[in-house]
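Lettered A, B and C in written order, each chain numbered from 1.
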Amino acid sequence: MTATPEPMLQVSDLVIEFDTSAGRRRVVDGVSFSVQQGEVLGILGESGSGKTLSTLAVLGLVPGRPGVVGGRIDLVLDDRREALLADLPTVVSTPNRGPVRKDDRRWNRLVQRRWRPLWGRVMTAVFQNPRQSLDPLMTIGAQLDESVRLAEPTLGRLEVRGRSLDWLARVKLHEPARVHASYAHELSGGMCQRAMIAIALARQPRLLIADEPTTGLDTTVRQEIVELFQELLAAERRAMMYISHDIREVLFLAREIIVMRHGRIVEVVAAEDLKAGRGRRHPYTATLLAAADLPVGEVAS
Amino acid sequence: MNRLLGLVLLAGRRLAGGLLLLVGASFLIYFTIRSAPGDAIDAITPMGTPPEVKEKLAADFGLDQPPLAGYVTWLGRSATGDFGESLVFAPGEQVMTIARPAFKLTLLVSGGALLLCLFLATALAVVLGEPSPRQQLLTGALYFVTAAPAFVAAIFFSQGMNAFVRRFVEDAGYDTPPWYPIPIYSESVMPYFFAGIVLVAGDGLFMDMLNTVRAEILAVRNAQFIAAIRAKGASTLPHTFRNLVVPFVSAFAARLPVVLGGVVIVEYVFTLDGAGYLLLEASKQRDFPVVVGLSVLFTLAIIVMNLLADVVRAAVDPREVARNG
Amino acid sequence: MGRFSRIGLWLSGAIVLVVVLLGVVAPFIPYEPADAVSYDRVLEVPSVSHVLGTDEQGRDIAMRLVKGTEAFFLPGLMAAGIAVLVGALAGAVAGYATGPVRAVIVGALQLLDTLPRLVFIILVCTIRNPSVTLIAFVAGVLFIPTVAAVIRRKVEALGSEDYILAHIAHGFHSVWVILYHILWLQCWPIMVRQAAYVFGYVLFVETGLSYLGDYGVQEPDPSWGNMVAQVRSLPPDAPWPWLVPAAAIVLTISGFLAFGNLAARRGEEAIR
């Protein structure tokens, strides 16, 4: 291992819980990981493994009650360290009486206050179901213009439009002008996801969180989207968290990979080692590799 | 441009549909008249109506012709706003002349009440936020209170206000307010205001509205695109508002018929000179042309409201044109 | 289903049960309105012999309250029956059929839906001999589109579900699948909710029109509506003759609506 610089994002001992009709359920159970400046962290796991929620917590977007109930999220920006979850009223215990309860209104208010300066500028996200990520009542162009204006408030109307069209071309949408004037329902899922990537990147964030961006898309389109990420990242040296249940995509993009299952991290491994079959694999990772017809290597018992 | 054309086409199609519905509804109304037992003209006029009036009425409503021909005659006259002359309520007056101001008033009261209801429901929905078990006592109590029919709500309201005035104003030696006792027979705006309050509070309207509005607000607030907009650092408010226009317009339009029913009885309880009062009074006195004219106007109001709602929906939501195009 | 909803279901169920019992029993209680009048016990406060007091004419309020259920009970059932049965069938056809059949049904439903209910009821009352049965019949017919709309949505949603398609693919007749698997097994909560709603509406119209005095139940026959109407002539210090029936109206309507909603919700949870 080479000497690693201080990571830009460090998550430690994250715990997320939800109240269900069957009582309280712990969906993320003490997860820790970190993202280096300009590197891609892949998070691999099946649905329900807590991978999406872990990343939503980084974004300050965990919905529901009680949500995040413990852990630390530290962000290092220009040598300034910010503890995002510090001093938030995480849980309110009522001793001897029932389950813990969180004042979620207060929590939401505080979280919004803390994350507002970060959203877009420092971190932003591309979600799965691209069509549902776009405001159905506004044209793609209007939403992209919004991002461009937020990133560069001094631009004039025409410059904003020009920048938007550039972005649409960079995400390889043909006929950018037509897409600019289209609504989400008029485009295919793949086109919507490209537009979504443009909208996210136009904010020029330092960290892009891509949460299963290819789920629900056709196989050929998935390939193209993944390649698009690769290209855009190589050009910008942006950090990214890439969440997927597809081991091939993660292997293609990420340098370091964490494998999650049942709300816990089962393995942290460098993509190189995984590809080459070096080291001993956790049985679950081995299953994933085998299912994708990749060399498994040695399996830890 | 393409979208504008689609919008115009859709509006045109909706207009045609609305006209068709109006024709259909008027057909139903006309055949309800024709279905009167025995000699229709005797069944619908008060006793002792002079024969020449009966004859004129029969001619106006095409009752002297076979049903279909009669319908066409009547429809032709009604289409020009000519619903005949009042028999008893204001003998010899054109129905439109007395119905128009009354109907305007009714639309004002019910539209105002509905807007107030929408506003209050939205405010409460925003305050309540995500549903939680702790709120159920409040919503349960509200559900119970607002399920009262508007006329019962009106009685509770007027009796309560009157008792209040007797107890705390009269007995204390102050001047009684101009609206005491309710119902008032005066030109004041207070009765309309009271009627509005009762319409909001009665007929289960408020809880129905609250549930709808709340579900819509939560659906938009928890929508994925709102999370995406937040994540890119933009303000979610304009997006939220825009996405709520369609559900709000639909909620408003869908409840207009309910309010137009409630207002009939409430106007009668508060003796307001609206179309509902006119309808009941004319119906009691068997002033048949007025009743029919008003029935058509009420139906027209509902059709026009639905038409407007459709056009607004299509104007705000581009998917609407695509879906119907 | 939360604890609060369960309590609500029991409470509203109790209200419905009481009203149904009264509605069934009331016709067998002998009552001659004219004989009940007694001017030597006018406006008595509730006591052992008159548990809810007496009204302006010295009639026992509890008795009139019980007999008053007759005015809306059977008409309410009839209206609920018409609206739910016809509405469910129309909705199922509208949701499943194609072509001209569907167009005709959808058009007819839309047409009925544009008529303002109370206004149309008053129109019918102007033309025909007004009676609560007639009013309930018209109300039932006017509620057909409301029921049909929800049923149709359900049928359309279920129509593309795999197990429904599987049933049809296994050779069951699609009419049987719709009637049994969709309407009977899946839509009964909807029907319960709608039936309770229509019943509540008939109570609302009957009491409202009886209150106004011309088309509902006429004095001296009892109706909760014309009992409330005594409010016009009662002295302020004797509110119970109108307060009792007014409370009964509110309780019954909210009870039926709540029961319909909560029972339906429980049913939907059980189906899922």
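Please note the rule applied: a contact is a pair of C-beta atoms (placed from the backbone, for glycine too) under 8 Å apart; a residue touches a chain by one contact, two chains touch by 3 or more.
Keep in mind that this is a model prediction, so the values were computed, not measured.
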Discussion item. Suppose every chain is reduced to the average of its Cα atoms; which one is closest to the average of all protein Cα atoms?
Written reply: B
Worksheet entry | Far-end chain from subunit C, centres as C-alpha averages | A
Worksheet item: subunit A to subunit B: how many Å between their CA centres?
Response: 49
Worksheet entry | Mean-CA-position distance for subunit C and subunit A (Å) | 53
Worksheet item: In whole angstrom, what separates the CA-based centres of subunit B and subunit C?
Response: 22
Response to the item:
For subunit B, residue numbers touching 2 or more other chains are none
Worksheet item: Out of subunit A, which residues touch more than one other chain, so two or more?
Response: none
Worksheet item: Where on subunit B is subunit A touching in the complex?
Response: 129-130, 132, 222-225, 227-234, 239, 242-243, 316-319, 322
Worksheet entry | subunit C partner contacts - residues on subunit B that touch it in the complex | 21, 24-25, 28-29, 32-33, 35-37, 43-44, 133, 136-137, 140, 143-144, 147-149, 151-152, 155-156, 159, 162-163, 166, 203-204, 257, 260-262, 264-265, 268, 279-280, 283-284, 286, 288, 291-292, 294-295, 298-299, 301-303, 306
Response to the item:
subunit A contacts subunit B in the complex at 59, 61, 63, 65, 104-105, 116, 118-121, 123-125, 127, 129, 132-138, 146-147, 150, 183, 185-186, 196, 199-200, 203, 209
Worksheet item: Which residues of subunit C touch subunit B in the complex?
Response: 2-5, 8, 107, 110-112, 114-120, 122-129, 204, 207-208, 211-212, 214-215, 228, 231, 236, 239, 242, 246, 249-250, 253-254, 257-258
